[in-house]
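What follows is a set of structures for review.
Both of the next two complexes hold subunit A, though its partner changes from subunit B to subunit C.
Then we have the complex of A and B:
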């Protein structure tokens, strides 16, 4: 024996305490609470599926769920495609490429809050973007005061912030695209576009599935961008609220409806888990091909 | 030959436009932050007529931005230490020690990764209230103090070490802790740097959790302090801009110094799927 029987548990203790106490326990508790009418002050009676019935009739829930879903659907295609194009641009080692790659990654390290504030200023009714629009002869666009445009603006911020992150993932995948296949295609007279679609894209497909999954999950969980661009309000009349914003506003504070917020959380979890399972399934089919 | 030149020129053109899109917004924010009180910030003038750093002092007069920064720095530093040490210990046990229940422990960490933070937000707040830790910086740090993802990253790093070295140490009579601290830790330095950087960044950038758990302004971290600043003093964009630059500059410097590790971290973090 190289160690005493309890030694491994001493090593594991801090990590297990954090995972069990601050992830697993709250998770199980969330499931239990979602079937009660618990309030912020504690207590709560078992109410069966009342919270879920209420949810089905709650227009706020449907607005938030629709927005989160819309958000996810709209940010995934640009986040799968644009970083790939940027990675192809940044892949070749040319003088100064390090500076370019570093600069492209900078938005990733800035917090959602910093990014949100920067874009709130850029998209302000009198901000830089609208000044340019006006100079070009257009009318000012209400990026932050119209509920639909607010969502679109927030999506643009999310996409802008994701470009560098996914570019780095693509860069490492591009390095693994088989060179001999590319050369063979070249010998066969395939042009750059043809080589891209017939060789590069097929060998990148697992990476593309991964990025689609990551950006879908992150898109559905969106909170900070929309919170900051709307100044915490969720847009005019709360019409741009997302699911996480709704959970936060329902469950928070002294008037928090913990039971209902937990039910909303459970729905969020089930949807995210569903997304994950779909990805796994797609990846498995990938392996069989 | 000529054609190659055209391609190269096009490539640089593409690279330069992405460059403008990536860092242009930061530069614009910086330029706004150094515009003087007499300059109209709404005029799209890129270079300030009369650059001044007085906004950086002025922002501290309306909100205690330096104490927000200190709170953020404290939270992020503690987060780095707890994550590096706690995750390395757990990762070491999972990878290098044989014992009953190892699979069980691994499953706990793996399932923790699958739980999205947003889904346990409210319930986690109740836990913190039960522990009397709401509205404290300890409450901000605790939930992320040993991230399960880091445990698994370090477990993988320890698994990659050859067994022979440790066998020799066992024969020499080194106990588990000695093998961990003298042989294990130094050989996973690369992964530890990645864990440290990303722990710092996540903690420094975190918004949702501090927003929920903190209520007194004096406890605010930079991110919620800035959101508060924007909500209250939005009429003076120079101050908000100065605040954002204060929040982002340390990370940009850290990134410029250690960018190799950031890129590596993205590669390893992406595995979490």
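Then we have the complex of A and C:
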């Protein structure tokens, strides 16, 4: 069967149009705008690297960058390890395991806004958690009104939401762990812990690197959790603002500084690209060993 | 964002009132607005008025089309969520609808970018039909020009929780009327019963109510000594526990929710809130106290919405005629009777509905608010953007936490607001 030379392009066309219109063009536009003083209502003037100089001198940028980095560093280890442990429990075929798996996966499909509201009610100064703490004779804990605790609370929500998603990835990877290796280790007298560290973990290493990369990128780009828990304010004095929150705050509305927000977005993109390249390099090195 | 939700809340008020005939006649049957023929099709965009006010808006459109044969008005209602994004996208593309519902702070950036028709030039004769303070709200201070027909207004009383006042040994019949009394009573409430009086740090409008010159000579000036004194008063209240911890991050909506949950004892509000208390917080409603707004200037705060006509409209004459028609006294009074809002026309407030009490709380609030509106001021400068509101909130939080002095926090907030003005 023969086809015209342009036939494959016809199949590609819908995807290409969407990518060009909604990904490539906005991305290139963002790069151009980052060198201007554009506002929401005007194209602005070319300002060279002024936006980047301003960024280097902007304390809000450094607070946001520090918070995003801290966020990533704190959420990645639990998001790599905890879903693996849950997946190992969830892969057992025991009565009621379906309910267990569903319970862990529910936060993934729940709306971020609903999740944020529920956690806000739980952690509010008069919320459920503080009511229990007070009933037990303790003092109220300022989960949402102390900038550090707000970040920690938000990280807990991120980890809680991510558990189910990464658990599913681990479940599929666990199915590919060679059974003969596990059996051989058992015959050689290896206990469950030894089998886990010497057989399961090495077999899952590529998956773990993938999950580390995904959770690092998501952690660095965190927005909805911190936005909802702080009521959109970024915490008292904006001290819990993250980079994406800062971009939203600077660029939103008719009075938004689109040029500066684009410059912030470009820096965020470069940081994330760097993170992914490091992960890729680590993965390759692991493969070569 | 939240402030917009509040404004949209006014627009989406469920109200059990009946539509009564008002006896006022609109005076807007101009066939040659802005020097063109009133004919052809226009698009009218409103802010979250469907489905509550569908019949009302359709009625206004029908009446206009009847009065001006050959015109067609296409009504588009946008939900509150995403309204700003829609206006922004349309404005960037130069395709704003012919008549658009905007509050002054949204009309300002559009007018500044030269996108709106100046009514002082296009329809100067319309000016006397509206309250002076409402017309001024759509002017660019220092530069003249008016960029929107004032539409509905709101102002409100201060609500307080009589039961909490009583528990703390305060006289529930003597709520604070000045900021000095507010601090005294808030400290007593916090010290005796560990109850917070307030749910949020001061907004820019509160500075105005305190008597601070917020904006002068094209610059923000709320860091003047009176402003510092005002923030220091709040700092004393915060330290004593008279503000809930969430006050540092909260806006009007969040603060109102805390008042409904009886976690704070006092909250500014509007006639719309009273209905909400009745249905959503009956135990609060049973103890609700209603008093005049706390102000050092003698004038209450006013919120308003308007309709503007973009310069990009291909049918400006019809758009201007329709904008004036929607906001004429007759149509505004009808609308105000459906929702808990007030007309911005010079004649609208004379309707008996706004001057006569029938013994109910709703009527008491309505009559008091209508009286208040005659001298009310929109204390929020039109230049005050979302970014500026956030800067003020953050600096006040630092002042409350003692990270900065009140003076330093206000200086920083003013510097940031003035930088954003450029």
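Note that the second predicted complex is superposed on the first by the 272 of 289 C-alpha atoms of A that agree within 3 Å, B and C clash if a C-alpha of one lies under 4 Å from a C-alpha of the other, contacts with A are read in each partner's own complex, and residues count from 1 in each chain.
As a convention for this text, a contact is a pair of C-beta atoms (placed from the backbone, for glycine too) under 8 Å apart; a residue touches a chain by one contact, two chains touch by 3 or more.
All of these numbers come straight from a predicted model, not from anything done at the bench.
With both complexes brought onto subunit A, simultaneous placement of subunit B and subunit C is prevented by a clash. In the superposed model, A:46 makes contact with neither subunit B nor subunit C.
In the superposition on chain A, contact of A:197 is made with neither subunit B nor subunit C.
Residue contacts after overlaying the shared chain place A:62 against neither subunit B nor subunit C.
By the touch criterion stated above, A:142 is placed in contact with subunit C alone, subunit B being left untouched.
In the superposition on chain A, contact of A:19 is made with subunit B only, not with subunit C. Contacts of A:109 after superposition on the shared chain: subunit B is touched, whereas subunit C is not. In the superposed pair of complexes, A:237 makes contact with subunit C only, with no contact to subunit B.
Number of subunit A residues touched is higher for B, counting subunit B against subunit C.
Contacts of A:252 after superposition: both subunit B and subunit C are touched. In summary, superposing the two complexes on chain A brings one listed stretch of subunit B into steric overlap with subunit C, and the stretch in question is 218-226; the others among 200-208, 218-226 or 254-262 show no clashing C-alpha atoms.
Common to the subunit B and subunit C interfaces on subunit A are residues 124, 126, 231-232, 252, 256. Interface residues of subunit C facing subunit A in the complex, by the touch rule stated above, are 1-2, 84, 87-88, 91-92, 106, 109-110, 113, 115, 244-246, 248-251, 254, 261, 263, 385-387, 390, 393-395, 397-398, 400-401, 403, 420. Within the complex formed with subunit B, the residues of subunit A that make contact are 2-3, 5, 7-9, 11-12, 14-16, 18-27, 29-30, 33, 86, 89-90, 92, 94, 97, 100, 102-114, 117-122, 124, 126-128, 131-132, 135, 160, 163-165, 168-169, 172, 210, 213-214, 217, 221, 223-224, 227-228, 231-232, 244, 247-248, 251-252, 256, 258, 261-262, 265-266, 268-269, 272-273, 276, 279. Chain contact summary for the complex, subunit A toward subunit C: residues 40-42, 124-126, 142, 144-145, 230-238, 249-250, 252-257.
Here subunit B touches subunit A in the complex through residues 8, 11-12, 14-15, 18-19, 21-23, 25-26, 28-29, 32, 42-44, 82, 85-87, 89-90, 92-94, 97, 99, 101-102, 105, 108-109, 111-112, 114-116, 118-127, 142-143, 145-146, 148, 151, 170, 175-177, 180, 201, 204-208, 211-212, 222-224, 226-227, 230-231, 234, 237, 240-241, 243-244, 247-248, 251-252, 254-256, 259, 262-263, 266-267, 270, 273, going by the rule given at the top.
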